[in-house]
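Read through the structures below before going on.
Note that chain A is present in both complexes that follow, paired respectively with chain B and with chain C.
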Partner chain A sequence: MTDITQALAEIVGEGYVSDQPEEAYFYARDPGLMPAHEPDYVVVPKTAEEIQKVVRLANRDKIPIVPMGAGMALTGLVIPLKGGIVIDMKRMTGILAINEKARLVIVEGGISQGLLKAYLEKNYPKLRHSIPDSPATATIAANVMIHGQGRLSQQYGFNSDMVAGLEVVLPSGEICKIGSCSISPDWFSKGAPMPDLSGLFLGWFGATGIITKVALKLYPKKKMRDVEIFITDMEEIVPDIVHELTYTEMVEDITVFAQPLPMIFRDNHHITIFFTGDTDTELEFKRKMVWDALDRFIKSKDGGFMGVPPVMKPTLLDSPQRSVTRFADVKKGGGFEYSGPIILVEKYPECSRKIRELAEKYDLGYSGMARIIGRGHCMMYGFAFTFNRADPDMMERTRKALHEVSEYALEAGGVFWKPTVNEQKMALDKMDPNTRNLMGMIKKNIDPNGIMNPGNWEVN
Partner chain B sequence: MDKENCLGWLKGGKMYALNFDENLCTTCPTGDCLVKCQYMDVEKDTAVEEMVKISRGEDSFVFKDCVTCYGCEEYCKRGNHPFYLITERREEKGILTSPRAITKQWINIGEPQGKYRLGKVKEKVLSFGFMPEFLKWVRGRLFEDVMPSFIFGQEFFCNVVYIHFANTSIIKERLPMVVDNFKKLGVKEVVFIHDECYGAFAHLAPAYGIKVPFKSIHYFEYLYKRLQELKDEIRPLNIKVAYQRPCSSRLSSDKHHFVADIMELIGVDLVEREYQGENALCCGGIFSMCFGYDLANDVQKRNIDDMAANGAEYCVFNCPACQSTLGEKVAKRGIKPVHMIDICRMAIGEK
Partner chain C sequence: MKYEEIVHRCFRCGYCKLTSDYTDFNCPAYRKFRFETYSPGGRMWLIRAWLNNEIKNSERFQDILFSCATCANCVEHCVFVFSEDLVNIFIAAREEMVNKGIIPPAVRDYLKNIRINGNPYKEPQDERGKWADGTSVETYKDQDYLFYVGCVGSYDERAKKIARVVGNLLLEAGISIGILGDKEKCDGNEVRALGEAGLFQFLAEENIAYFKELGVKRIITLDPHAFNAFKNDYPGLGGEFEVYHYTQILAPLIKSKKIPLAEYKAKITFHDPCYLGRHNGEYDAPRKILGAIPGVEMVEMEQNRENAFCCGGGGGNFFTDILGGGEDSPNRIRVQGALDTGAQIIAVACPQCAKMMEDAIKSEELDDRLEVLDVAEIVSRALS
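And now, the complex of A and B:
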């Protein structure tokens, strides 16, 4: 055992540290396409204080640190590009406090989406959080760290907009409170009415600190939920359809997808519309509002509601929606990656044409899928390709296609979501120089030794 | 046949033509096709005039108002095919009934993909068309004399549904191939478990002069005979049911009486209600896809209110698509949805 391993073992306990090749192998990669790189150590801490000690040790010896949730971001963000210590957050799964009336919950930095969902369903059936469609093991902290989007994003914005406070271990080792909780015992705001310091951490991929607690806003959970799918063969009118739908204020979530397989989905764009209600009357009222909003497209024959058979509904209403995960295995061999720029909804037709063009050029299976964010303020457009891991040629073609997506996304006015290191560089290159300098100053001052998730958001 | 009134198409060198005789209309004493239409308010003279106009390829308000319920195929008792004619003309004129996306989706779903399933096919075979529900529902003693002789898949899908979408060209393209697929299996008698498939081979194919090289049997007739054979095992169900008549049943109105016959045999009280027989209302599935919320909702509401007002405890479905559309809605009104096969199985103690 090396001195560092020994020191880490003293902090987290021997069973929760490893420098062995088996662990190094697993923690070297994520399920996406980025090349693997092994860490030197893996630790699985239980408390913020243990993290604090690990960070201090790393800072002293200038050892890189990479915080990790479930490793599901897919874009290599948890791959320890410069070795060092991976801090696996999976043991920090506590639900520390819940305020039912204020609809707020405080959780630890490693709790999974699935665990919080199950807890709420059991104990607070009238509360819910904005769950993303990632596998249920994905963590809350990482999801807000990467500005994820979930079931409630159409109504309330990015999942990170729903943060109501943070506790962060800084690269220097201090434990720092962000938001109302820095002054008050109550965690209800991540910034307002004070300067919003959460921006020093959210979106930084752990390059400025490790989240050990998150206060999250919760929202009403109605007893019933239903879904309708509006289809059109005209990509040009998808933004208008979304505009009409968001105007109704009746809709929970809106996603759009277009893919050539299975046959039922060929040739059309599918606007999936979710809505909720406590009674049949409420649900039916909302359904009618939604149908009425799109009636002009039915009359012009440019679109219509497909019949959603009852057998299809459980799959669609599943939350997280497992069909996304199933799509990942279309080509068998379990390869799936998407590049999902955040972009204006009006760019949907362009994005849709681009994914078809790339799929054809590189001979790949694809799905174009969009999630509407905040009443149509923007969307995440996922350029998703599936590949077979046992087929290196197909993987290479996918890489090339995704690279073209990145170039296209920037050109089209989009901003990368959970960008790969390469995309981060592209974004920094394109960024307003003063903004880039500001980011550089922040990073340099917060993490002067550059130990936090090095390679990410490096402004040079 | 009068060339003017002959709508034909050439497929594999063969001309199929819709049998429509304009003279039958000009001499028609009733104009029943449109007079009885539940979605238009038309007098006899106008009805006749419009059908003649349609036959001559002229414009008609019918193209706009017809909601594709299939009803006039039954209302016309003079052997004409008003609905097929309306459909043909709409297609010729490019008048859409359904949004293009819906039509494309359905055409894609029905495209043969080599994924059909065959049981141990004998000279007599059950056809499930392309309704996966039947793979689960068709079992038990009612079917034991034919099963496991069955076929299922797009290759055996009648494609009739596309007349809702004013798209007969796809039917013309596919139906002869489907007939061919049956032919290749060498079957002599086909019991169609989906009513619409029966309509295709017993009604639509002859209307277009397509030769069908086997005997078509409606599953109602088959069930009725089987139940008679199993008469000793029937326990009268003593329940009140409403029957949801599907659009396709208008293509086999001569078999409609079997609903009442079967219900009597299994001790079920088929409630008398306003929307039954010729006056039956569509489940609303196609209406919502093609025309939107209001029409579908109005028809569904009237229909279900009528079932409830007449004390129905169960709603018996013939078509799985109707059941899928209306099942949950009737259940919410306390009326249990059940397929015809299942209610027959209940009567012999299998459910």
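And now, the complex of A and C:
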């Protein structure tokens, strides 16, 4: 056992530290396409205090640290690019407090989306959080860290907009409270009406601190939920359809998908409209509003509602939608990755054409998946390609296609979501120089030794 | 390696380590060790790495593979079409390791003991039927059913008691059973799960030949592990028998009042054995039995039926103890789950589960709050 392993074992307990090749192999990778790089150590701490001690040790010896949730971001953000210590957060699964009336919950930094969902369903059936369609193992803290989007993003914005406070272990090892909780016992705001310091952490991929607690806004959960699919083969009208739908203010979530397989989906864009209600009357009222809003497209014969077959409904209403994960096995090869720029909804037709062009050029299986954020303020357009992990050539073609997506997205006015390190560099290069300098100043001051998820958001 | 063409298809999404409603992590090995490497997806990725010579067959790799309890939670919850082969894949990898002779000492010892002594306890073969001494259970001749007890029921003191209770109950209900006594051989379920395919085949073929020689048509097993081997693995080797777990025989007898029951007041929670539940889909028979006892209040643990949390004894771990030990050992987590229900009794339907749960109750110092009883023992307490 090395001195560092020993020291880490004293902090987290011998069973929860590894410097063995098996963990090094696994934690060197994520399910995506970025090259592997091994950590020197993996630890699985239980408390913020343990993390604090690990960070202090790392700072003393200038050892890199990479926090990891479920590793599902797919873009290599948990790959320890410079080795060091991977901190697997998934033993910190506590639900610490819940305020039913204020609709707020405080959770630990490693709890998964699935665990929180199950807890709320069992104990607070009238409350829900904005669950993303990532595998249920994905963590709440990492999702807000990467500005994820979920079922309620159409109504309330990015999942990170729903943060109501943070506890963060700073690179120096101090534990710092962010938001109302820094002065009040109550966690209800991440910033306002004070300076919003959450921006020093959210979106930084752990390069400025490790989230050990998150307060999250919860929202009403209606008893019933239903889905309609509006289809059109005209990609240019999709933004108008979304515009009409968001105007109704009746809709929970809007996603759009277009993919060549299975055959029933070919050549069409599927605007998937979710809505909720406490009674049949409420549900039917919303359904009518949605139908009325899209009536003109039906009258002009530009689109229509597809009768959602009853067998398909549970798949669509599943939350998280496990079928999205199953996309990874379309090529019988356990792999998919997507570049998901955040971009204006009006760019949907372009994005849609681009993914088809790239899929054809590189001979890849694809799915274009968009999720509307805010009332049509922007969308995440996922250029998703599925690949066979045992086929290096297909993996290389997928890499190339994704690289072209990155170039295209930046040109089209998009901003990378959960960017790979290469995309981060591209973004920093294109960024307003003063903004870039500000980011550099922040990183340098918060993490002078550059130990936190190094390689990410590095301004040279 | 068998299934080699599937191993790369794991996306490591982790659905397999959860319950169906995501309440908690439900892979016992992951729950204990908490490194991704000990999760089903971790095993898949490491097996692939091993096959590709990217990692070696180290002690830790062996630990990772042999700590799998073959509980099939991953089979139940993986979202991909290859899910049903997950446990088979882990066993196939163990097989490769066994073939190369590089396995954990505890596994080697278990297999050696079966090979040499015919049982893991190094006990003499002629002791095997002794559990039945003092009962009216007779040696199998031409009875309707062979009552197969297995190694644990034959040699372990606690399990022997359960075997006696089940044997007596079946007889009292008028079921015609006979046992093999000192001619009984290991069923091989754990041998197979530990990757010794050759030894398993040998045991299975010997058993099949002997059962056929005796004219056995129907088998009742004490142990879900034997039930699993006879039901799912023996047919492929020519052993087609009607196989029942004893709860499947008792349930209808109790329903039709062939076993009359008096009041027995108790709050009971049932722990599903993986080899009865997830592996063979039998969740109802034990519950029907317990539910039919006047005065019994049944309460479910949060993780039950297809979401049941394994006691940690499966896949040979009952004998090798690679997964056991410490506060996060699966059996200790499970008894805490039982405690949360407010039950006084944890009902089990497997002698291995019975032992695992009793050990955990001792470790958790819950002796005065929880008791472990086999379903048959509860029925026997309620006999009118």
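Things worth noting here:
In this text, the second predicted complex is superposed on the first by the 460 of 460 C-alpha atoms of A that agree within 3 Å, B and C clash if a C-alpha of one lies under 4 Å from a C-alpha of the other, contacts with A are read in each partner's own complex, and residues count from 1 in each chain.
By definition in this document, a residue touches a chain if its C-beta (ideal position, glycine included) is under 8 Å from a C-beta of that chain, and two chains touch if they have at least 3 such contacts.
Since the structure is predicted, the reported quantities are computational estimates derived from the model, not experimental observations.
When the shared chain is aligned, chain C comes close enough to touch A:Tyr25, but chain B does not. When the shared chain is aligned, no partner comes close enough to touch A:Tyr247: not chain B, not chain C. In the overlay built on the shared chain, the residue A:Ala118 is in contact with chain C alone; chain B does not reach it.
Note on chain A: of its two partners chain C and chain B, the one contacting more of its residues is C. Legend: residue contacts after superposition of the two complexes on their common chain; A:Ile231 is shown touching chain B, with no touch to chain C. When the two complexes are overlaid on their common chain A, residue A:Phe297 makes contact with chain B while staying clear of chain C. Once the two complexes are laid over each other on the shared chain, residue contacts for A:Phe305 go to chain B alone; chain C is not touched. Considering their complex, residues 231-233, 263-264, 266-269, 280, 287-288, 291-292, 295, 297-299, 301-307, 309-311 of chain A touch chain B. Taken together, the chain C residues at the contact with chain A in this complex read 8-15, 17-19, 21-24, 33-37, 42, 45-46, 49, 54-56, 58, 60-61, 64, 79-82, 326. Within the complex formed with chain C, the residues of chain A that make contact are 15-16, 18, 20-23, 25-27, 29, 31, 42, 44, 70-72, 88, 90-91, 112-115, 117-119, 121-122, 135-137, 322, 325-326, 328-329, 332-336, 388-390.
Of all residues in chain B, those touching chain A in their complex are 96, 98-102, 104-105, 108-109, 111, 113, 285, 288-293, 297, 321, 324-325, 327-328, 332.
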